[in-house]
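Input: a single structure, listed below in structure tokens.
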Amino acid sequence: MRLMRALVTLAVLLTAWHALVWATGLPRFILPGPLAVADALQRNAGLLAQHAATTLSEILVGLALGVLLGTASAILLASVRGARRWLMPLLVVSQAIPVFALAPLLVLWLGYGMASKIAMATLVIYFPVTTALFDGLRRTEPGWLDLARTMGASGASTLWHIRLPAALPALASGIRVAAAVAPIGAVIGEWVGSSSGLGYLMLHANARMQVDLLFAALFVLGAFAVALYAATDALLRRALPWLPDSHAFDEKD
Amino acid sequence: MRLMRALVTLAVLLTAWHALVWATGLPRFILPGPLAVADALQRNAGLLAQHAATTLSEILVGLALGVLLGTASAILLASVRGARRWLMPLLVVSQAIPVFALAPLLVLWLGYGMASKIAMATLVIYFPVTTALFDGLRRTEPGWLDLARTMGASGASTLWHIRLPAALPALASGIRVAAAVAPIGAVIGEWVGSSSGLGYLMLHANARMQVDLLFAALFVLGAFAVALYAATDALLRRALPWLPDSHAFDEKD
Amino acid sequence: AQDKLTVLLDWFVNPDHAPLVVAKEMGFFKDAGLDVELVAPADPNDPPKLVAAGKAELAVSYQPQLQVQVGEGLPLVRVGTLVSTPLNSLVVLADGPVKSVKDLKGRKVGFSVGGFEDALLGAMLEKAGLSLKDVTLVNVNFSLSPSILSGQVDAVIGAFRNFELNQMAIEKHPGRAFYPEEEGVPAYDELILVANKAQTNDPRLPKFLAAVERAVLYILNHPEEAHAAFTKGRPELNDELNRRAWADTLPRFSHSPAALDAARYARFATFLKARGLIKEALPVDAYAVTLK
Amino acid sequence: MHARVLPAGVPAPVSVTIASARLTYGGAPLFEDLSLRLEPAAVTCLLGPSGVGKTTLLRLIAGLTDLEPPTTVTAGDGLPLAGRVAYMAQQDLLLPWLSVLDNVLLGAKLRGERRSPALVDEAHGLLERVGLPGRAGDRPAALSGGQRQRVALARTLVERRPVVLMDEPFSALDAITRLRLQELAAELLAGRTVLLVTHDPLEALRIGHFVHVMSGGPAVVGAALEPPGVPPRAPDDAAVLAMQGELLRRLAG
Amino acid sequence: MHARVLPAGVPAPVSVTIASARLTYGGAPLFEDLSLRLEPAAVTCLLGPSGVGKTTLLRLIAGLTDLEPPTTVTAGDGLPLAGRVAYMAQQDLLLPWLSVLDNVLLGAKLRGERRSPALVDEAHGLLERVGLPGRAGDRPAALSGGQRQRVALARTLVERRPVVLMDEPFSALDAITRLRLQELAAELLAGRTVLLVTHDPLEALRIGHFVHVMSGGPAVVGAALEPPGVPPRAPDDAAVLAMQGELLRRLAG
């Protein structure tokens, strides 16, 4: 049932895309039609699969690292008053720095291998996770904090047993955003310099005006994003069963 | 007091930066020291101000549009069951599409003027706002919904008077992220095509190896991000006075 | 034992890099006792920085950029030449209204920021009796051909004659190129190899250049086999566009990669100084050498 | 709605009959074949041990849970109950972002009704009568537990519904305030069909026309006690005190 | 802590004295120069109109509000009170993500104490005695209001604190359960210094050694009523009933 709905969704989107191309008469090198892309997808299946594997592993490692680091930073921010003052501005600035300014530094320190790409993906994922969790940690029900205080809980214990679980819904929200932006993080990482990955393939295809291949790669990337988002959403809702939730991403009919 | 703390923070960060450059012996063309950047900042003040003005207006308009569109989308997602199924995957995909693939399309439709940059900034801001608010809307206290139901509220009225206010803290969280990523959105927009703005200036400086100018522009961009984040944070907390908040960004001593 | 050598390309692998790729694929480097790794960055401005920082031995760069970078104090020297003519050109639609550089007056010119497009265009415009003030420059980043094909700009500067022209032809909108060296800009080497100034007596470098020279000659003598070697394992490089670009690039490879025309560099330095891109024209031997 | 067409906001009295009610949580029936009739224009009180299912039954009548077959809930006039029930839940469910006055007037706002000066006056009057004069502008967070409960009571009373369901409406009030508010409720709810859950036998006997005890597992509702006289009876009414023994016996069941 | 060094978890009795207590909300004093002494090893009951400041006073003793000078809160043994107070708030404050058992054992978890089988047995025993056998594994969301309150009670009783503050601990319970739990509390709290806020005069007279009424604005605490006999007194104890009139008179002010 859900699979069927997904297929219908896909079909409608493809038709809309086709109609758009057809109606606006956009040239192939600006926006190829779905048929051309499907053709490119099929012709380059092997190539795409190979580059997709690279990108996927970057995404997954980046997501894991970003979530870990983000969680750690948010906890640090929430628990150490000093950290808040010093780290937060730094964090915010980190989001405003375009990759090409950092690229030589990253390459110098991490080389041209996987590490620099993962670092970029991590950086992209890091911020939404950190702010979302930090925001959640800021907003613990005061009654619970009072309770913990009278029970003689240390700050660390309150954080771990009360504030953190209470902020998990906010963290989940951040992770959902992170899951959706993780693919672009990996692709940006590949701009730092690489010889494989979907980002590499896309830049390449773009420069060579192989626009149908570019869109085929985009399609794969989009599929990753949706799959990752849906998986994360399902997982998170399973992990937080006590949460009220009126609309799930994969709701039943 | 707060100003002084901000200045101290800045001073310490600059010292740390200086120490990093000094200790690692990084060459000037990879990471210039703060003194070189300060010098460039001062020498190019006029140039920077002029480009910064462009970027700032893009950021502000993009932020306003992104927040508006994101709020509207989240409300649509939360209220119309169909929208959830169709729009959510589309939204997620939109986050995974690297800008250069969209650039020709955007430019074709919006031209090389301000519009395409604002569109990019909007696109970057849109998603965190949408998911954060949507997540908030999903999590309304069920008792309030029951109350609204017995009071004979329509779905729209419940959304407007109960679910939306209850989700404002989540929206605030999204807007905070948006404020921090807005500058990079504008800069990405400027890469797509432009003849002014900090992003343009940075590309130029990068190509001409004027690394100190590049970092001076980065510095301005970072300052924008921090200022925007702090302003948004202060504004949001003023707008949501009923929220528990243990750590404000600009907390008093 | 093989000596490891890291070479940073200026961009993703493309036919401009044929001699390097072929030398690697055909084992010429190995024959010279070198284990060469070719690394492709996404930003052409990074490789010179990284070589200057000692992260790699060699980088593929451009003569004008080198002269600007040296002016900014980067410790770099040219040690070899890959493509010994300019590739950069000003391109318009063949059937468009712009028949000569003069016709650009009041029009939009797209460019992908390389750092000296304005200098190039300025010189070309001045020869035609115009100036930079008569056109609007728009950064279109990596979308040179699409921006001109879709009519967003009337011309692009920074288009490679071996590439963008073919691209446009394939899209059935052939372009017309104005060549800088015919429009008032001194000739220069488009693609060169740069090394760190402190490393000019690295014994691996002459061996490397010898292998590159061998590859250039091999490409000239055996174009079919060379092309097969070039596309081996890179199927995305074996399409119509890349095949055409391959053919157009072949005659432009320097037949003598190690050779240096110092007068040409001096001439171009004067040009750059006149356009305000460098403060002073350094002596050529400060940044370009012939290895012994 | 009935409430609208009658003058002076007095709704037409209507009886409510719950028949063959059945409700299961995780397989085990909470109640089965339970029936209860609410006489028109009378106050029916419901007592019973904690956890027996009183709140669940109220929610069922309020239309807040899906009816498990063969449950039926019917109004005496044959029309649907929806839109004619006011429900005061066990928690106060005040909206933290609204002032006390706005919380009281929430129903009108949710139904998009004009906020007439008469309505506002009525709300102010009610707030005064529940003992909160001058607190109309405060946020709920500044109220004590009992004050919050009184605001919730005012919110329920201001609704002109023919059927009123109240779940322990006076549980957080001191004895004196409680007596006063019992009288207020009896006065304002005269002519309406009321089901009031309480744990206080005296309270039930004071203001109930009919007093039922719910007990057992699966739970059933016992026959009504009908204290003589017109509520609100005096706290030291002899009949009330006499019946208290019988009621306590039933409760001890 | 005292509780640790005494055998069998019986803490040494300690008196608590509140003197010259002063608390202002927004300029207006809620109470001023208020004093109250909690006798060691006795149950002191506090009654008073809703909103008079009972909860505020409890929070002050629990150390949850900053003391406004010249307020002093001192223990009879001269040692600080912090860490020796158990506080049962007016809201149940159960953590939704923990099972009932884990909520009961929250204090031990927060203090990082080992969860000994003896402790778990004690928690199970308490849950059984508050009438929730077999519910140890449930989430709080599956409990009725009264059941939640009983879990909070068990959580307070399992803490071995010499001073116990309880804010309307039985307000959501039916008469029968309430009597049973009053007895349970009286039994388990024997030897501890207890301050119990309640709205039920009979309850106060049944289980209190001392019964105070708080009233007025700024509020003061009146002299103690001392019902004769040893609590828990029988509900129909003649002395209790005799004193009820006096207490009600004091409450009516």
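To keep things simple, chains are lettered A, B, C, D and E as they appear, and every chain counts its residues starting from 1.
Keep in mind that, in the parts below, a residue touches a chain if its C-beta (ideal position, glycine included) is under 8 Å from a C-beta of that chain, and two chains touch if they have at least 3 such contacts.
In this text the structure is predicted, and so the values were computed from the model without any measurement.
Steps from subunit C to subunit E, minimised over paths through touching chains, total 2. The fewest steps needed to get from subunit A to subunit E, moving only between touching chains, is 1. The geometric centre of subunit B is 37 Å away from that of subunit C, both derived from CA atoms.
Averaged C-alpha coordinates put the centre of subunit A at 16 Å from the centre of subunit B. For the pair subunit C and subunit D, the distance between mean C-alpha positions equals 84 Å. Subunit A and subunit D have centres, each the mean of its CA atoms, that are 49 Å apart.
Within subunit C, the positions touching two or more other chains are listed as 43, 45, 49, 53, 142-143, 146, 150.
Residues of subunit B in contact with at least two other chains: 26, 30, 100, 104, 108, 141, 191, 203, 206. For subunit D, residues touching at least two other chains, in rising order: 91. Under the touch rule stated earlier, the contacting chain pairs are A-B, A-C, A-E, B-C, B-D, D-E.
Note for the complex: subunit D touches subunit B at residues 59, 62-64, 83, 85-87, 89, 91, 93, 95-97, 106-107, 109-112, 139, 141, 159. Of all the residues in subunit D, the ones that touch subunit E in their complex are 25, 47-51, 54-55, 90-91, 131, 142-147, 150, 168, 171-178, 199-201, 248, 251-252. For subunit A in complex with subunit E, the residues that touch the partner chain are 141, 143-144, 146-154, 157-158, 161-162, 165-166, 168, 240-242.
By the touch criterion given at the top, residues 43, 45, 48-49, 52-53, 65, 68-69, 72-74, 108, 110, 113-116, 136-143, 146-147, 150, 152-153, 277 of subunit C touch subunit B in their complex.
Touching subunit B in their complex are the following residues of subunit A: 5, 9, 12-13, 26, 29-31, 77-78, 81, 84-86, 88-93, 95-98, 100-101, 104-105, 108, 127-128, 131-132, 135-142, 145, 169-170, 172-173, 176-177, 180-181, 183-184, 187-188, 199, 202-203, 206, 214-215, 218, 221-222, 224-226, 229, 243-247, 249, 251.
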